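Consider the two complexes below, in which chain A is the common component and chain B and chain C are the respective partners.
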Partner chain A sequence: MDKERRERLIRTTGVHLAMEATETLRQVVEEFPDNPRAMDYFYDLFRAEYCGGGAKKNGAMRIGMLCVQAPEELIRAAGAVPVRLCSGSHAFDQAGAEFMPAKACSLVKATLGMLSLRTAGGAERLDLVVNPTTCEQKKKAGELLEDFGYRVHHLEMPPAKDSEEARIYWQRSVKKFAAVLEETTGVRITKQRLAKAIRTTGMARSAYRRLHELAKWPRPLIRGKDVMLVTNAYFFDDLDRWTAAVTELADEIEQRRETNLPGAGKHAPRILFTGSPPIFPNLKLPLLIEQAGGVIVVDEVCSSSRLLHDQVAYDEQALYDMVPAVADRVLKPCTCPVFLSSQDRVRRLLDLAASFAVDGVVYQSFAGCMPYALEQRSVGQALVNANIPMLSVETDYGPDDQGQLSTRVEAFIESLRGKARKRA
Partner chain B sequence: MNALRRFLNNGDINRFRLWFQLGAFGLLIYGGFLAMDIGNSLPTFSCVFVDSRAGACYLYPLQHQVNMPWSQFSGGRGIGLAVGLVTFFLFFVLFNKAWCGYACPLGTVQDWITKLRARLGIRYSLYANETFGRLKAIKYVLLALLILLPLGISNSLFGLPKLPRDLATSYCMICPGRTVLPLFTGDASQLAIDFSSRTMMALTGLGMAITGGFFAGAFVKKRFFCLFCPMSALQYAFSKAGLLRLTKQGAKCTRCGNCSRVCDVGIREIADDVTSRNIVQDDCMMCFKCVAACPESHCLAVTFLGMPVYEATAEGFMRRTKRRDNHG
Partner chain C sequence: MRYFAGIDMGSTAIKIALVDQQGSLSGHTVVPTGSFFQKNTLEALQLLLRERGIERSDVAYLLSTGYGRKLLPEADETISEITANAAGARAIAGSAAIRTIINIGGQDSKVLLLDADGHIRNFVMNDKCAAGTGRFLEMTARNLGTDVGELGNLHCRSSGAPLSITSTCTVFAESEIISLLARGHGKEELVAGVHYSIARRIVRLARQIGIEDRVFFDGGPALNSGMVAALEDELMLQVVVPAAPQLTTAIGAATLARTAWIDTGEQVNA
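So, the complex of A and B:
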């Protein structure tokens, strides 16, 4: 790519990204009457990150993660800051299109586009990029990143997670990753440092779980579009600040429960969102659902609940037990469709649907994302058996299908109203 | 009631267990000094070779009681056997396999050895799944022998000649409880090979070898001996009737495997089985470390007569994590 063309591309992409982000934030903030005040922290954070050229980064080393599957505790214990690189930007999607086939998934293309331009979204300065070998598109993207000049560590993952062999393979792979981290940062991962990382990330997840629990309340107290901003912020925000902001938000939401402050109405259909992850600024489908009068009370996506639910437990405070423990956390409970069996995901969805009194499920699969498209049938069947309606949507980051989608989503939400009224 | 429940669920059962085990150890090994005697049918290794014990391990009388001709089973001695078994059952049914995790002196000794190893920073070893499956059958073989050998002294089994009298308490002769536990009262006399007969020589020789294996095994593998324990096999036969239970709500389980990874005996089913309600396995000692390590509210629970006594909660999990890190 010659220099002039590249600079032009960086400029135009930057403008488009800011426009996208501004529009998404406008919808998130202005189209709903009942935003919690504590959400302002997150609105401002995204404004600064995407529209204001990015917040100032401190001096710590930054390790990019191409997937939630890399154990972030190890990165923190090695004195670095993890940044999740998955991008939701249509502008970056277009920039990345030249590296991948036309039918490839928007998320992978957008991430590649972002990293090829190195302008925003956390790509400015990265000391190492970790690429967990999940789906085939991410595997190949990792290789391309090496061509872009990044230092990439391919974190090898097993294709299944139930067998002992898979677990041992994964634990060894993670151990190797720990050594690479130490070499990168020059900081030794000690049991004290790792214990602290396990505790602080555990507290962050604990704060999120509290917010999550509050969504079980019969009258919805917070909307999914806000929860998704909160979880998306975890990709790049400072850990302690994020935990404090989530705690503050949960406190406010708890107050709403007690004082009956506004939230969505009692009769709003309650939605469980699953499938390909909605990542800022691509909150297209979640926003359509809530603009149509539904409320996403719970989700099962890797940019949100899956990322922030599971906790680490270790038996002996020593690295020989703690490193396998953080490895287990990202493998054993993971419900990503790249694994052999969809059973855990189906069980998780059914439990979430029951415990959050869900009226319907929306299943998003990005065009080109084979794993989610492949699991749609078995998930759909399990939901039908449990008498839970499901809307399955194939979409991408482009704005073209907006009209068609909004008709379908509105019809689906309307069809759930009777059910929601009966429940309430 | 809710406040009490929350207090309990937030508690650290591992610390509670540490002190409980110490108390139980003191009671069972030294209780005799206070003239305590809680009978001869205890479902735990309160070894008869410890003079100051507060009660006796049921395996010893059991071996004596089955040592009788077939004809006497329906007579007075048969009633003795039945009474012993019923007493054992009544003791057992109260606390189920928690006798292993909370009371067994030999189990406690192994836990102390584990603490020592961990303090030295030496890593534990684990069994591969298949090895585990094969080894766990040994305890049933030992239990069968423990009953068949004394029977074979008084009766001719399978047309074989009657067995020598020295096999009367054959299991006790090879049990590490006999050699290890008296050491805590300053009695090392069991650490010897008995040359009085060929049978005794073989049995006590094997016993010495097993004692060596006990220490070496416990140092590298948590609760090494428990996998082979015939008491554990006998208990499991009655475990379904236990009043104290370990239960699981499979729907709440994410199969994160935390429970299984902290399990001292390495039970996989606790994490992988999402259909059974009563989740006690034959190797389970009901230490309830799994409940403390479970971050999913109400997934794993300890119940007594169906009432939850200690439940996994997200809040309790986080409290324990924080507390632990602060205490180093």
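So, the complex of A and C:
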């Protein structure tokens, strides 16, 4: 790409990105009357990151992750900072369209677009990009990044997760990744360093868990659009600051419960969100759900609960036990549809639907995302059998289906109201 | 006497229905949408009220629905046309046990699956383009130099096999229709072909959620007998078409307005 065109592309994309981020933040902040005060930290964080040229980064090495499957504990133990690269920007989606077929998934195209321009969202300086070999599109995107000049490590993943062979394969793959990390940063992953990384990320995870558990309260105390912003912030925010901000938020939410100050009406239908991940600024579908009067009380997406739900469990403080434990944390509980069996995801959804007393499920598939589209039928059938209504939505990062989607989402929420009223 | 108004602000026409306290229909009107939703709606409402001798202050609750539902600040509440359509079919068909509703509107089409009580169990809508909607019929009529109201007659007069229209995009189909006409094909077979193409498309959509007997067909295009015949062929089922298929959603909204008013009253008294 010649220099002048590249500069123009960077400038125009930057303008578009700031426009869409501003609009999403406006909807998230201004269209709801009951935002927790502690959310201001996150609103400001996104405003600075997307509308104000990005927050200042410290001098540590930065390792980009193309998926939730890369064990962040190892990256931190090697003295580097992990950055989740998956992008939710329509502007980057358009910039990335030239590298992928037209029908490819928005998320992959947007991530490629962001990385091709090296301007924002954490792509300015990356010492290594780790590409877990999940779906076809991400695999090929990882290869393209090498052409862009990034140093890429392909973290090989098994196509199944339940067998012992898969587990051994994955553990060997993770060990190899640890060696690549040490070579990149020049820092040895010792048991002390890994224990510290497991502890600090574990504290972040338990802060998130508190928020997650509070959503079981019969009257919704916090909206999904805020929870998704919190979990999205984990992609790039400083770990300790993030944990402190989430703790403060959970304290405030707990206060709401004690003073019986609910975040939304008690007749608001409770929604479980699943499928392709909503990533800022593309919070289109979650916002439509909550603008229509529903509340997302829980989700099963890799940009939110799947990112933060599980803890590392090891018995002995020795690397031969800790590294496999870190590997297991990523593989075993993962309900991504790239794996052979969809049983675990179905089980997880039924379990979440029951424990969070949801009235309905919204299933998002990005146009071009085969794995999620393929599982939609079996998930839908299992939910029908459990008497839980599901709305399936195929969408992308473009704004042009907004009007039509709002009608569908409103109708779905209206159809759940009777159920929600009976429950309350 | 109190009245309740349901206003269905569609992309092609504005439909207004009034019901009284007993829930019986006491007036209705259909006017073209035009460019000024709010102004045209209020004028149509005023005219209807004057015609029926009803004061504006006797309209206790006004519920708007349809594509332009949010553009009417005078409405007490808005509701999606999907919920309103199901309520309308319930009100009109009564005990006829409708399980599927097929609605073709001006720029979208949808299929609703109902449970035994007439409540929505599942629904699908077409994707973001105008193929298989009323727009497609308007475009066909325009190219044939006729009125949309004539399409049914043309279809019924056709003697040969319906022509196959392969384009699903309204824009491409337009050039396909022009070239079919240029090649000397009959208008009648062409119109029948257009109806089958729309019917096939909506039946494919309906199969995504399943089709259960009985099927209720509404929306403006249900006035077209050719469209009804093609749909019945593709569904391999007989469909129920209400006397005024354009009005189902407005009647549903008016019925829901009445329920909403009664519910509010109960809350006030409680």
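Operating definition for what follows: the second predicted complex is superposed on the first by the 423 of 424 C-alpha atoms of A that agree within 3 Å, B and C clash if a C-alpha of one lies under 4 Å from a C-alpha of the other, contacts with A are read in each partner's own complex, and residues count from 1 in each chain.
Definition applied: a residue touches a chain if its C-beta (ideal position, glycine included) is under 8 Å from a C-beta of that chain, and two chains touch if they have at least 3 such contacts.
It should be emphasised that the depicted structure is a prediction, and the values quoted were computed from it without experimental measurement.
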First (chain B), second (chain C), both or neither touched by A:202: first
First, second, both or neither for A:97, with chain B first and chain C second: neither
First (chain B), second (chain C), both or neither touched by A:389: second
Of chain C and chain B, partner touching more chain A residues: B
Partner chain in contact with A:328 - chain B first, chain C second, else both or neither: first
Touched partner set for A:357, first chain B, second chain C, both or neither: neither
Partner chain in contact with A:19 - chain B first, chain C second, else both or neither: neither
First (chain B), second (chain C), both or neither touched by A:401: second
Touching both chain C and chain B, counted on chain A across the two superposed complexes: none
Contact set on chain B toward chain A in their complex: 118, 121, 123-124, 128-129, 250-258, 261-262, 271-272, 274, 289, 293-295, 314, 317-318, 321-322, 324-325, 328
Residue numbers on chain C that touch chain A, as the complex places them: 67, 79-83, 108, 119-123, 125, 127-128
Residues on chain A engaged by chain C in the complex (per definition of touch): 389, 394, 400-401, 403-404, 407-408, 410-411, 414-415, 418
Interface residues, chain A side, partner chain B - complex: 162, 164, 192, 195-196, 198-199, 202-203, 206, 209, 213, 309-318, 320-321, 324-325, 328-329, 332-333, 344, 347-348, 350-351, 354
